[in-house]
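Both of the next two complexes hold subunit A, though its partner changes from subunit B to subunit C.
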Partner chain A sequence: MHALIQGLILGVLTAGVYALMASGQTLIFGIMKVVNLAQGALVILGAYLSYQLFTSFGIDPFLAIPITTVMMFGVGMVIELVFLRPLRREDRSELSLLVTFAIALLLEGIMSVSWSTSVRSINTSYANSSWTVFGYQVTLVRLWAFLLSLAALGMLFLLLNRTRFGRAVRASVQNPESARLLGVESSRVSAIGFGIGAATAAAAGSVYGLLYPFNSGSHYDLISRLLSIVLLGGLGSIGGAVVGALVVSVSSAVVAATVSPIWSEMTFFVILLLVLLVRPRGLFGTTARGAI
Partner chain B sequence: MSRLAGPLRGGLFIVILAAMPSFDLAHWVLNMLVFTLMYAVMSSAWNLTGGFAGYPSLGHAAFFGLGAYTEGLWFQHHSIHSGYEPFLILPLVGLLAALVGVPIAAIAMRTRADVFAIVTITLLFVAQTLAFNLRTLTGGAQGLSMTAPPFSLRTFERPFYYVLVLLLAVAMGITWASMRSKVGLSLAAVRADEDKAVGIGVHVVGVKLMSFAVSVGLTAMVGGVWAYYEGFIYPQFAVDPLVTIAIVLMTFLGGRATLWGPVLGAFILELAQQYLAYDLGGSQFYLIAYAAVFLVVMLLLPRGIVPSLQDRLRQRRRRHLVDANPSDGDADALGRPEVSQGIVLSRAQMVPLVGGTS
Partner chain C sequence: MTHHNRLRNVARVLATATALVGLAAGCASNASKSGSSSSSPATTSAPLVIGASVSLTGDFSDSGKAIQRGYQLWADTVNAKGGILRRKVQVKIVDDASSPTQVVTNYQNLINKDHVDLTFGPFSTLLTIPASQVAARYHYAFLAPAGGGPKVFEQNLTNFFFVQPAPTTQAGDVFAQYVLSLPAADRPKTAAYAELDDPFSAPIAENIRTKLEAAGIKTVYKQVYPSETQDLSPVMAAIVAKHPDVIIGGTQSEDAYAQVKSLVQLKFNPKMMFQSNGANSPLEFPSKVGANNTAGIMSSADWFPGSTAAGSAAFTSVYTAKYGGTAQQIDDSTAEAYAVGQLVEAVAAKTGKIDNATIISSLHSGSWPTLLGDLAWSSNGAPTGEFNLVQWQGGKLLPVYPSTIAQATPLSVKPNWGG
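Right, the complex of A and B next:
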């Protein structure tokens, strides 16, 4: 029982970070109908950037987030402009899978060359401090990571629901044709949307670097988790991404705590397959494809 | 004549391939050709679902691994005498993979295009986890070894080479036959608009499952040959996302839903890859170069080499027609290539469509 509850706590705290990464990915899908397989690589790139800022300038990873998000926003815009915009509309959804995978490989290659393939971790002074509440252990970093992810998600929510740009995004998600007719410049929305997706990856990356050791190959593991989360929640739904993240990380943490860590990764794939059996569009996916 | 041209060209290609080892090629050349053939067979197989049916599976490497482990496990319990037994059980390996593939496809193919790709890639990761974790069966990360074949060192590669040529002939034969039959038309209908295909009475589920089963069966057989050739099965190479990606990329480069596209793609890319890996060595620049090739192909030739060439050729032929008879035909309508969806109309079929030239 103790292990189960400990697993639950860990799972919920970790879910925040995954929800943040997945929200960026699902946002990109919502706007552009592009499944971004490079999201994991962007997260790892974000982790490396904050690692570099920490080791070279001593900037705390949490404080580095504003810097890395701005940088990665630029990276995301460039990726959209150079690699995704030239794709023809009719075969975009299929080709974009391959193109974003190639981008992931490219980023992996660049990261391996710049930082070598040895495993890095960001060792802050508070990395190992934790509290014990009612006999359950809560690491400080995880708690902070959770709160920060919640804050970032909240900002994303405000951006989408309270700003002019957000309205343009939601319009293009619901109906790209009418949005264009009403004067929404869809190409600009796409570029900025991809930039925001990359920026969430950067924020999540800083946190990820604090929580786990990583190297350039870590993105394979990440992308498989992210895809399960996004599919489970329903592509294009940010609320769904949050629920998906909760399901995935709680189930894998619980299985890791009660059964064995080696089977924890299997759990959410199995859950995903079962959900898809009943609802091929995921839990919150609509038939219209992509309501935020 | 034109009805025989296809099989003749295919037969000639296979005969030339089969004759290659007789020229006493160096071991490294044959070794390279063995790997190229493996990819040619797998791309042709992938093309059946990914190209013709329009279901881009990213999970084929899981079936490659299934084939490899089936072969490996079978010969944990049976001994190898003549060295040809592993080849003889290949049809069984293929059948097993096809049987495993049917229920998986029945679930996964409820989703379409991009979601299907993601579902199959998760399948790949499941298979990878299983390969690492079912230690009693797969040996986990330590891998599984196979008895070395008792072939003479001088001609060691040849049996593998011939078996792969045979598999390629089978894969291309199946592709050719399905392109010329109702199956191919049904698959094209599924790819173009599945809902309408259901509406006009195409057995959508049947053809989808069949193409998937055949496709993964062939892939697993290549996995079996690979396991025997390498002699050792490590989970990270048996179930490798890069294998999937290579297959997909080769098919896209050559041209989806064409007979020659995947083969051409495999010959170009695998040879280029071997060269890059050799030239840039173990350095990580290799990954960057590979990704760059990948991106350039996708952006410049989104439809692949064979369809682009076909368009170019058809355009020129039509220009000749127009030049010969300037009086008839709307030059603009004739000059524009129609989007090739794999089924290429012959000139005889086209003439009535564009308003005769005779």
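Right, the complex of A and C next:
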């Protein structure tokens, strides 16, 4: 029972980080209908930037988030302008798979050259600290990461639902032609949307670097997990990404702690398969456009 | 006309066949010449060219570069003494990009195109298996500083020598021996095993488990985790719930760091802890888990700073002179690659010859001094010695068992985290 409850705590806290990563992924899909296979590589790039700021200037990874998100927002906009915008709208969904995979490989190469392939980790003074609550350990880094992710997701929600830009995004998602007729520049929305997706990857990357050792090749495992989360939650749904992340993290942690780590990944994929059999669009995916 | 054409065709076929036979004979002669060339100091002063395919890019590039440093350092050292049998040593290194396909092409080229005198091995079992087969085809001795997985020895190649004290899967046996050497009252009563699912890590832990269970040490947890497992906290939480006396990690690197970090976060300190890999990296381990969390953790190693084995002091001093840093920062792989060169040097000194056949026959008899200790091999190239048990004490990784090489007394009870 102790292992079960400890696994549950670990799973819930870790889910926040994955929700943040997956929210960027699903936002980009919602706006552009682009399945961004480079999201994992963007997270790792965010982790490296945070690592560099910590080792070179002593900036705490949590405090570095405003810096890395701005930098990565710029990187995301450049990617959209240079690699995705030239794609014809009608071919974009299919071709974007190849293009974003190529971007992931390009980023991996740049990171390998810049930081080598050695495994890095961000070891702050509080990296291994934890609080004992009723005999269970609540890791400080995971708790802060969870709270940070909640805050970031809340800001994203407010951005999409309470701002002029958010209305433009939702209008573009629901009906791009009508939005354009009403003066919404869909290309600008796409660039900013991709930038925001990359910025969420930066925030998640800072936390990821605190939790796990990483190198330039870490994005392969990450992207398969992120795709599973957004598929489970429903492509284009931020709420779905949060629920998907919870299901992935909690099921993995609980099964690893109580049954076997071999079965933990398998269990999640069984859940994913069953959900997709019943609801092919995922838990919160809709047939109509506009499900951000 | 028809008769003329037929004669011309026959002549063409004969000419082509003669050319092919000639070409084949030439190739065979070349290959055979390079594979078994016998060069004595009296007959040649041409450089001794040694070819090696090393992973300078790709997944194994860090270890590949460490091996490259070892080969080059040995060549520089031996050349400073006038070379081997008065022949200067040239090391020709080509990059295999960590690819088992490229490594085959590289050794084919080194042997058939560059006609190197000797070949040294690449990094990893994955690359050593195909590379050693190429070398065997051309009767080259194949001395490999890495790649000691079981499948390498299953090939039963007589030209192959794994230049470490024991096959990789036996690296943890020394820990079991140490535990069983303790008085019964001091031995751990329960053990937990968390093993990475790869050809090296899990078998090392399993070998330990077999020995400890036979001695009555109860297994309270045993699980294998996939290599893609990012988060080991749930696995360690399950171990913590069992309160074992000793935790044995069949680990590589990242998972070793993750195990320690998780245990610190879960505030569980076992009486003893052994990790097959990761904890034996003097440079990486403290920076990844926090230097104050290393105390008491055990691992195994073949070379260690301050070793009194043959040539170790000279190796350490030339390494630090050339690359800077301290002895603690030297990668094991560099020492293992250097030992490969030492063996060739020792054979030449003992026999006065430096050809492949002599190297193969010589290394199959007796034991040979290197900075990894005295090495000897069985017929399939598996070394017959033992690794050393090392333990983190006072921020340093020190050899603690067996007593013949120990620089400190082993701590049988691990200090608490942060201690």
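Here are some notes:
One rule holds for everything that comes next: the second predicted complex is superposed on the first by the 290 of 292 C-alpha atoms of A that agree within 3 Å, B and C clash if a C-alpha of one lies under 4 Å from a C-alpha of the other, contacts with A are read in each partner's own complex, and residues count from 1 in each chain.
Here, contacts are C-beta pairs under 8 Å (C-beta built on N, C-alpha and C of every residue); 3 or more make two chains touch, one makes a residue touch a chain.
Remember, predicted model here, so these are calculated numbers, not experimental data.
By the touch criterion defined above, A:Ala3 lies against subunit C but remains apart from subunit B after alignment on the C-alpha atoms of chain A.
Of the two partner chains, neither subunit B nor subunit C is touched by A:Ile271. Of the two partner chains placed by the overlay, only subunit B lies in contact with A:Ala102; subunit C stays clear of it. In the superposed model, A:Ile262 makes contact with both subunit B and subunit C. In the superposed model, A:Val35 lies in contact with subunit B only, and not with subunit C.
By the document's definition of touching, of the two partners only subunit B reaches A:Leu87; subunit C does not. In the overlay built on the shared chain, the residue A:Thr117 is in contact with subunit B and with subunit C.
Contact with subunit C, but none with subunit B, is seen for A:Ser252 once the two complexes are overlaid on the shared chain. In the superposed pair of complexes, A:Ile67 makes contact with neither subunit B nor subunit C. Counting contacts by the rule stated earlier, residues 117, 262, 265 of subunit A appear in both its interface with subunit B and its interface with subunit C. The part of subunit C that touches subunit A in the complex is made up of residues 59, 61-62, 197, 223-226, 228-235, 237-238, 240-241, 253-254, 257-258, 261, 264-267, 284, 287-290, 293, 417.
Those residues of subunit A that touch subunit C in the shared complex are 2-3, 6-7, 10-11, 14, 116-119, 121, 123, 127-130, 132, 137, 139, 211-213, 217, 221, 252-254, 256-258, 260-262, 264-265.
Listing the residues of subunit A that touch subunit B in their complex gives 33, 35, 83, 86-88, 91, 93-95, 97-99, 101-103, 105-106, 108-110, 112-113, 117, 216, 220, 224, 227-228, 231, 235, 262-263, 265-266, 269-270, 272-273, 276-277, 280-281.
Contact residues on subunit B toward subunit A in their complex (touch as defined above): 56, 58, 107-108, 110-111, 113-115, 117-119, 121-123, 125-126, 129-130, 132-133, 241, 245, 248-249, 252, 283-288, 290-292, 294-295, 298-299, 302-303.
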